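Below you'll find the structures, each written out as structure tokens.
You will see two complexes here that share subunit A, one where it goes with subunit B and one where it goes with subunit C.
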Partner chain A sequence: MKKTLSTLALGVAMAAGPAMADLVFPSLSYRTGPYAAGGIPFADGYADYFTLLNERDGGIGGVMTRLVECETGYNTEKGVECYESTKGEGALVYQPLSTGITYQLIPKVTADDIPMHTMGYGRTSAANGDVFSHVFNYPGNYWNGASGVVNYLLEANNGDINGKKISLVYHNSAYGKEPIRTLEELAKKHGFELSLLPVDHPGQEQKSQWLQIRRDRPDYVVMWGWGVMNQVAIQEAANIRFNMENFIGVWWSGAEHDVLSAGDKANGYKAVTFHNVGRDFPVFEDIQKYVVDTGKAAGAGDQIGNVLYNRGMYAAMLAAEAVKTAQEIHGTADITPAMMRDGMEALEITEEKMAGLGMPNFGPSFTVTCENHGGPGLVGVTQWDASSKTWSLISDFKPTDTEVIGALIAEDSGAFAAENNIESNCK
Partner chain B sequence: MPDSLLFGTEVVLNGLMAGVLYALVALGFVLIYKASGIFNYAQGVMALFAAMTLYGIMVGQVPFSHLINAIFGTHIHHFGWEIPAILAIIVTVVVMVAFAWLVQQYIFRHLVGQEPIILFMATIGLAYFLEGVADLMWGSEIKALDVGLPQGGSFWIEENTQWLGMGNENFYGFFLDQLDLIATVIAAVLVIALVAFSQYTKQGRAMRAVADDHQAALSVGINLNFIWVLVWSVAGFVALVAGIVWGSKSGVQFSLSLIALKALPVLMLGGFTSIPGAIVGGLIIGVGEKLFEFALGPALGGATENWFAYVLALVFLVFRPQGLFGEKIIERV
Partner chain C sequence: MFYREAGDFKVSYQQDSQTFPIKFDRYRYYAVMAFAFLVVPFVINDYWANAILLPFLIYSIAAIGLNILVGYCGQVSLGTGGFMAVGAYACYKLMTAFPDVSMIIHVLLAGGVTAVVCVGFGLPSLRIKGFYLAVATLAAQFFLVWLFNRVPWFYNYSASGQISAPERDVFGVIITGANATATATYLFCLVFLVLCALIARNLTRGTIGRTWMAIRDMDIAAEIIGVNPLKAKLTAFAVSGFFIGISGALFFAIYLGAVEVGEVFGINKSFLVLFMVIIGGLGSIFGSFAGAAFLVLLPVVLKVVGVDILGWPTDIVAHLQLVIVGALIIVFLIMEPHGLAQLWRVAKEKLRLWPFPH
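Right, the complex of A and B next:
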């Protein structure tokens, strides 16, 4: 009898599903493996912001947040396993920090009615919310990044890069190939000559690519790298004495650890970005006080202000603001993943709001709509100063070529919708 | 001289240098396989561990500091002193000898007489364990290793080879990385030292005897345990050298363990039991992959080096399964 009652009690508990006492945020992180150096600061920033909200504000709307971390090792199969093992916890939003994992999760999150945020990575055409109902990539995507690079080069050349030679050194993967189509279109539009130089995983050996750059003498080199590929490329560029002022990377090739190995020779290297850099923001004082000094930091607390820490923190802030929006829309603090999706689709980030959060001018102002899940795609440029070992934002967040990008997004998302018989999400 | 010939020559020279770097990693595999019949999957991770240890010692990092801080609530990270590179290298060698003793004492001593596949599986386990220990001990962040090795293209070579272009505006002289040149010298010294050690020292001869026949070596009073510790120690030293060279190029980080992938085709080609084979194999792979990329890479979409190295090795395997310098496989029925 006792055994029967116990079994019954367990059955009732399981049928009741996950308790809604917490707002659950899975963190599909990678703290091990060849890409750990990039994964760790992002995961720390993501975790520390939610800890800050719990410690300082008592959660979001009075409900505590709970981070569920799962190690993916930047491996797509492990990432999918992490998704399957954490979604039952009541996960509100996934941020897999991997384009490979993102592609695998798109059909899954749509079927499970859980939103996914792929900020600055993933499937670019997911910006079309009419097709990708559960995927968001605000405030910027890869094609904004590619266009941002070209816009910067246009500015540096008084609006004329006709006949210039630009080499793209890219990670030979789905991620690295993302900007090619956009750059090809922009090459046609602006008349520059684009050459493609793929680098195989992990990118420890790039002699062939850089010997070719030395032979071809391009005016500019653009990098779309991740992991050790970034450090080796910057070192090889220094080795062949390529002018660092003419070397510019995407935002995944522009962190401190990418340039430190090359020492002084990396001075002047640039990278595009969709958020600000450095630790001169009031929010970091709060993180120091409520999270680091109280021993609750996810890491050693020494990553604050680093590019990827800031990005992780920014991603968490955008998730938290979407929760607040969802709570307002649905009039409840205990939101579901479906409500979270609504909150993300109605998210509005203003400079006033950012300043109130202790992050003035940290990122662009934008509004998400049902049709536009990608935000405005404003891109800034950062530059590395080897003497002070700091990145600095050297431009405002500026618009990218929406004419070219919009057409490509419409084409790619249209093909996806046709293949998968997807009807309009925004009718 | 035509452009293609000049650039082709430059590619061959750089391929030779890259080959030397691959051979540095392959040497460690050869040493252990030759003496104990173990294909040491952990060789790449040993290079990573050795380089991380060297860096940690140089900058005075407290080992396991994150773990200590998490358990005791402390905030210790550094001892507050720094050690010159040469002294740190010596201390790291001592650590690698201790590592060799531990590996022999707690793993392979208990697996004597087991099938090669069991020993191989043990090294896989060792690789992942060691990677985890390295992470706990020294942290996952990228470490900018600077032991004073010069880097960057050699101005002298560039200037003194420019005349080969005979006025060709597209030719700027040959590019050769100073670090690659230093690595070549280091590899040459290492090979000479290893050959001299195995030929002219008592312990070296004992190593060769063990490699030829364990039972016979045992019967003449050679201490197998000691020899295996010695072999793992030498392999640890070779791993340290490889870790220093590769770590100087890209910073010391976890992807360093993947350099083992570059050594595999070298071993397939050069043979698992020959030190000169590792060098010659490395040179052939280095030149082969670079020349192929230079000649056909653009037509094939680039990034051909990783797979072409294996294709090249496979072609050699078909005609000579034991590799160029490997011992001929004779099965007596």
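Right, the complex of A and C next:
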């Protein structure tokens, strides 16, 4: 039986071989499992933007795009399977939307010469392009996020948070542990007290953590959650009547579905962000016209304009712009993954470019260089309004503590380079 | 006709007690081995290695290990995920502490460490049985995962709490890290699987295996006829732990390369390996292979059929997969409680009489 099944699978793998002359974008999405609530809008936004490019512009530079979706369920083993099954199709860039899968793929993509873009997640020290040649995390990373939270709190307290108590509620995984080091450094620098409250996968069980918070009475609670954990945490915070004004999440803990279930009690909950929110951009008219009205919207089509939909669309936009840059550099429309990497490394996003795409002020303007794969790390703050059910930007995109973050990035990437004998990539 | 004992004369005790007494079986076994060692390595590519064959080989080792404990010795264990984590972390600590030592030794030592831990958690089995033992091993599962998350020493104080396998070679051939070729990783795991299966097969046919089965069938009777339950149960835990530790080490170092303990070695892993053993067949080495193949291949086949051929949305296929796997487990438990191995056994019995069934 084993053999018949394998031969069947082999035959199928052959039959589904690569179609030529497409720009292939694999989408390692997760529409199932405890993290699906976040995975669906992101995957929809990512897919819809490429559909828009095909429908409106006839692809990028005259070459059609093709999205290959593969369900990972936020599971690293399935992530490996997805990576192996899609890379043969000429995948240009991987965006796994999972820190666990990112860690897995960093050595693989480097060996296979395919770039990977981990926007606002993944391994933070990949911002050092000198060490991580094929990994990009522009325009912002976790440590920018952590510093952005602290900066916002500094601002709210007139520059002094000495002696304040801050609790970090985090997903007990590589993802949730990432900000700890930065927050510890910042705690030393600004004199606040940091206490750590891990929540185990998938995060439905948080009673003891919130009991602890009720006992400790921290001034602020910072959350590094994802998936079902966010909803539960916001509900628990509402249950212990924690002031939502003082509860602030990272950008993965700040979407509609996270706060809706807690109803009015979630009013005032905040989250940092690295891109703009809402539907108030011209690009959404095009999406309505070319994608939704033609019946080509991905998924159920009900996520358009959500925070994570916008993020997926933003990721797709940055990928498409990198393709254009690569096409210019190499003078060919049908680019390879290696050319895509060059395009990403030379990517320049300006205000005019974004306005031309119908996304004015959607994200920061930035330039990627060989040394800096991390972008500027500008962080804004959004707040939830439960009555109108919208997120709105309450603090504009501001620079973060690059001094602390830069030192940590240099340290962590240096350790990685030493461990893996990586020569300098930029000289 | 061709599948029968008749005409195949055994002239020595060795021949009489060989693993495959029937000639056809023996040649089939040689053919499979030749295919696995001489053909597959030359046609294998990254997809086949990383998506299908490596998980199959590694889960087979884990299933053999668990089958010894559950199928042969009757001690129910839900701690497989935790024990695999012990193997993985032991291998990681050894790999990073002694970079010059061969990976073969590291993997074997990781198995040894797991055996010791497994015996430690097996001690309660001398007092408690059945469901209560399952709960005790469940405690091992949660404790071990918590331990590897909590104590930074285990993950060398890395910022993310993940462990990543550095590049290591065996006889100059790179077998861990991204630069390892599909052929090298496949052969490395295959060698371990073949050795483990040979050891397991011969252990279960000998004195130790017979004491395990005596304990499984009726422990009081076994004790009366002179089987030492302490020795029998603890050797089962040790041997099982050794195999599971090897599988955990390979799972981390060769297959995934980077591991997050809560996600990869969680309770789901324990159940998955237990399902492999139950679907494959309790108390059968072939069953361990069949169960591992079934549960590794089925999701891939369903995905290929659903997404690549029929073009259905990925989420629907993923949900269907849960439904189908769940339904098949129930169907198997009702229709064939002894697993795929029993189907194989029945097929062989029929084949022995074919083409004259009466």
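Just so we're on the same page, the second predicted complex is superposed on the first by the 407 of 427 C-alpha atoms of A that agree within 3 Å, B and C clash if a C-alpha of one lies under 4 Å from a C-alpha of the other, contacts with A are read in each partner's own complex, and residues count from 1 in each chain.
In this text, a residue touches a chain if its C-beta (ideal position, glycine included) is under 8 Å from a C-beta of that chain, and two chains touch if they have at least 3 such contacts.
From a predicted model like this one, the values you see are computed outputs, not experimental measurements.
Subunit B and subunit C, once both complexes are superposed via subunit A, clash. In the superposition on chain A, A:Thr32 makes contact with both subunit B and subunit C. When the two structures are aligned on the shared chain, A:Gly331 is found in touch with neither subunit B nor subunit C. Once the two complexes are laid over each other on the shared chain, residue contacts for A:Ser208 go to subunit B alone; subunit C is not touched. Of the two partner chains placed around the shared chain by superposition, subunit B is the only one that A:Gly227 touches, whereas subunit C remains out of contact.
Among subunit B and subunit C, the chain that touches a larger number of residues in subunit A is C. Look at A:Glu81: by the touch rule set out above, it reaches subunit C but stays clear of subunit B.
Looking at the shared chain after the overlay, A:Gly295 reaches subunit B, while subunit C stays out of its contact range.
When the two complexes are overlaid on their common chain A, residue A:Asp200 makes contact with subunit B and with subunit C alike.
Of the stretches 44-52, 98-106, 116-124 or 278-286 listed for subunit B, only 116-124 runs into subunit C once the two complexes are overlaid on chain A.
Residue overlap on subunit A between the subunit B contacts of one complex and the subunit C contacts of the other covers 31-32, 36, 40, 172, 198, 200.
Every residue of subunit A that touches subunit C in the complex is listed here, in rising order: 1-2, 5-6, 8-9, 12-13, 15-16, 29, 31-32, 36, 40, 69-71, 73, 75-77, 80-81, 84-85, 87-88, 99-100, 103-104, 106-108, 110-112, 123, 172-174, 177-178, 180-181, 198, 200-201, 299, 412, 419-420. In the complex of the two chains, the subunit A residues touching subunit B come out as 31-37, 40, 172, 196-200, 202, 204-205, 207-209, 211-212, 214-215, 227-228, 231-232, 235, 238-241, 257, 260-261, 263, 265, 295, 300. Against subunit A, the residues of subunit B that register as touching in their complex are 7, 10-11, 14, 17-18, 21, 66, 69, 73, 77, 131-132, 135, 140-142, 144, 146, 151-153, 170, 172, 175, 177, 246, 249-251, 253-259, 262, 290, 293-294, 297, 301-303, 305-306. For subunit C in complex with subunit A, the touching residues are 46-47, 50-52, 55, 149, 159-162, 164, 166-167, 177-179, 255-260, 262-264, 266, 289-290, 293, 297, 300-301, 303-305, 307-309, 313-315, 317-319, 322, 340.
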